[in-house]
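Each chain gets a letter, A, B, C and D, in the order it is written, and its residues are counted from 1.
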Amino acid sequence: MIRVLVWNEFQHEKKKEKVAAIYPNGIHQTIADFLGKEEDIVVKTAWLDMETKDCGITQEMLDETDVLIWWGHAYHQYVPDEVAFMIRDAVLAGMGFIALHSAHHSKPFRYLLGTSCNLTWRESGDSELLWVVEPGHPITQGIDRYFRLPEVETYGEPFVIPTPDKLLFIGSYSGGEVFRSGCLFERGNGKIFYFQPGHESFPIFHDENVQTVIRNAVRFVAPTYRRMTKCPHIRKLGDERGYIIDEK
Amino acid sequence: MIRVLVWNEFQHEKKKEKVAAIYPNGIHQTIADFLGKEEDIVVKTAWLDMETKDCGITQEMLDETDVLIWWGHAYHQYVPDEVAFMIRDAVLAGMGFIALHSAHHSKPFRYLLGTSCNLTWRESGDSELLWVVEPGHPITQGIDRYFRLPEVETYGEPFVIPTPDKLLFIGSYSGGEVFRSGCLFERGNGKIFYFQPGHESFPIFHDENVQTVIRNAVRFVAPTYRRMTKCPHIRKLGDERGYIIDEK
Amino acid sequence: MIRVLVWNEFQHEKKKEKVAAIYPNGIHQTIADFLGKEEDIVVKTAWLDMETKDCGITQEMLDETDVLIWWGHAYHQYVPDEVAFMIRDAVLAGMGFIALHSAHHSKPFRYLLGTSCNLTWRESGDSELLWVVEPGHPITQGIDRYFRLPEVETYGEPFVIPTPDKLLFIGSYSGGEVFRSGCLFERGNGKIFYFQPGHESFPIFHDENVQTVIRNAVRFVAPTYRRMTKCPHIRKLGDERGYIIDEK
Amino acid sequence: MIRVLVWNEFQHEKKKEKVAAIYPNGIHQTIADFLGKEEDIVVKTAWLDMETKDCGITQEMLDETDVLIWWGHAYHQYVPDEVAFMIRDAVLAGMGFIALHSAHHSKPFRYLLGTSCNLTWRESGDSELLWVVEPGHPITQGIDRYFRLPEVETYGEPFVIPTPDKLLFIGSYSGGEVFRSGCLFERGNGKIFYFQPGHESFPIFHDENVQTVIRNAVRFVAPTYRRMTKCPHIRKLGDERGYIIDEK
């Protein structure tokens, strides 16, 4: 059973009518709904202004989470550094992390990758073709050569990230821009998937192909083994376990 | 002084009027002409049916070449395996290699990368926007955020190559396709640059931005040091502990 | 069920008493024996001079193989190029490939990676410590911080391979050399694992840790999806802008 | 002219007699001395408790620095986050960064890489053999197959870093451990080199081979171009199809 936690800023849905119409219970709930139908997945949700401290995320919750999905946009700075570091460390210990759309600028994503994660953007309702670069990868299964989203926010290169361990999708926008729309990173024992679609003003998380990719990604980044890598201070060579025996 | 050898199939130019009109002396000569203007570059050319054996390429020529530029399309199989392996070994020893357009299917490129190097394609005279992914890289200097080619052959993903060490350009075509149009690989002591533009039916090598990229690439893949890596068979350890004597 | 095919040169065992004493039925049989005990694995074997054509490997066999394990040393050139290319293409389509020890110089491995795969070596019966670089990786599960092999053939850097997608083990020899002893590559839809231990003169494949790594590797490189990537030639665009029709 | 800034914690030298005997004017001064002999290099130094604010580093100093060399060990937390982020951003804009020995745990290094950068260690005065993995790389020129340091602090795998873009050296210790002792990373427009040798208790920076590697590394990570990558917010498309106007 893969235990997924979907975190959402959950502000636009409460402040903008257009967004509320698309996601009446929040983006997190839409994602939780389609993931929750899977037999091998259980889902919880959290959001920025839950009546809990720490923006809805505690160490206890992370300890019970296999894959954390993150959607944030305009309130990244309200996530405390302590929480962002807790998440980073959980990923280094093996927890999967999926950053959606404007979460490219979220603290957990930036702290894990180290770069600015800046990108070029344009808000125009362009359509996007998402092309599969690696048709044999588990995350792209069930997707044809490409799929089309009729209205998106346009993201463009340069996207200031470390070279991804694997590039899975390239997005092509009707205005001509391109973007590395599906990127996989491995950090410590954890896997990180960045996926570009997800602007709040369009019903992107209702799209069947988007849901397929997220479902695949949850299964792919879920850890088989989860523990922080031990880097012991060896005091002497010798016969105690953990010490190193050199018999030569 | 960087010693460049430009190799061209040089068949379309002799068989198709349209191509001859664009490249009356062959694609190789157009490339040699703009590179030859540089003070730090000297250029030679070779082609498939030169009056020499081995498709115009000999070991002696490779020994005097710092960067080999390759354009081939319909006659890849006429390049003998022996010559392709000679080129591969020269690259492993440090010679730079630039594969242009349909040279993705050339023997030297495929033998160096190991994969099929297949790709999707469409001949329609689409326009292509080439977007810079790495604006700080030496090969993309002098190029704005993107440049446009009004008429090209469309290449599309999937492009069956190993993950490039560095992705420098992504192409976006007016028909909607995308392609990893500028890819850098390191193999042995050599650098390999693949660059997508260059269909013979359009005056692409007359384009100023294409020329800038090729000039930059020549300087980037040119070797500082050139020699085959030695992997000695060690017959015994020397008499001082930890020191290894190569007796070969 | 993972269908494994273990291929072995099977010459040293028939020609050298010392080797025959360790592997009376051949290295392939020892590997097949410990893998065959697993509930999710079925094993077949093949060798160079089986009474079949093509060094024991046919397309039909590859079609029924999920993971091909390869041990070869002194007779690489007796494997026909046609067979090596068949194997390469099966890997590009998703078949897993595990190259053991001196298979670094085997044709399938070299043709997949493109480089010389040369390395430095010394035959001295050194001991080797194999250190885990990635403790969270599925292939290193069940292995402590390192394990020790009392007698091995020493391999040393430089090892002329493309930078591995993931480095899993580094070997340290009692004579002082080091080697990238466990390397993972992805090519096309297939995964390739190179593992250094396995000199025929020592009972290395009887070692429990070596068996654990090979078992883990079989499960890791086994394909979830297997098919050659399609790269269609698109003849025309459909009538709706942005949609592409594959008429093939 | 490459402008190098060498930063050193400069505490052990003032507090421990043994260290003072080896580096009477500080590790930074020893490094500045051998680098300062090069015709193409000018060197400045800075240290933790200089009589300037911000641990000796200001934005003005970074603006005039091409390559920052960093040695820190026990006082990492005294470097303010603001300074560490300033350094990170300078690297993303192209400044070279060389982290020596225990600087694996320095804030600038960790913030750039995103992982814990933990490692295993043992203080025993082992000897270390540093083996060249990439003999064709500019940073390994002038180094034989390996070089030996008679006394070092032992570092061991696992080293919790992202997979390096290039692994240049592997260290082998007389106690049996191994370590990725020379690692290259590219982040944004900047290059980062981590080099393991440098324990304060041994005269490692007086070693000729260590000096060769650091000299080579300075020249390799020095930026050709230096500027922060621009990621403009595009407000509208221009009037010609496919052309994009940046109105910012």
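Definition applied: a residue touches a chain if its C-beta (ideal position, glycine included) is under 8 Å from a C-beta of that chain, and two chains touch if they have at least 3 such contacts.
On a predicted model such as this, the values are computed, not experimentally measured, just so you know.
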Pieces of the assembly without chain B, by contact: one piece
Touching chain B and also chain C, the following chains: A, D
Inter-copy rotation, chain A to chain D, in degrees (Cα atoms; steps of 5): 180
Interface composition of copies chain C and chain D: same or different, split at half: same
Farthest-lying chain, centroid of Cα atoms versus that of chain C: D
Length of the line joining the C-alpha centres of chain A and chain C, rounded to whole Å: 33
Chain A and chain B: spacing of chain centres that average the CA atoms, whole Å: 37
Multi-partner residues of chain D (at least 2 other chains): 120, 129, 135, 145-146, 156, 158-159, 163, 165-166, 176-177, 186, 188, 229, 232, 242-244
Parts of chain C lying in touch with chain A, wherever the complex brings them together: 94, 127, 129, 135-136, 138, 141, 145-146, 148, 150, 165-166, 174, 186, 188-190, 223-225, 227, 229-230, 232, 241-244, 246
Contact footprint of chain D on chain C as seen in their complex: 120, 129, 131-135, 145-146, 156-159, 163, 165-167, 170-172, 176-178, 180
Chain B-touching residues of chain C, taken from the complex the two chains share: 88-89, 92, 111-116, 118-122, 124, 154, 156, 158-160, 162-163, 165, 175-177, 185-188, 229, 231-237, 242-244
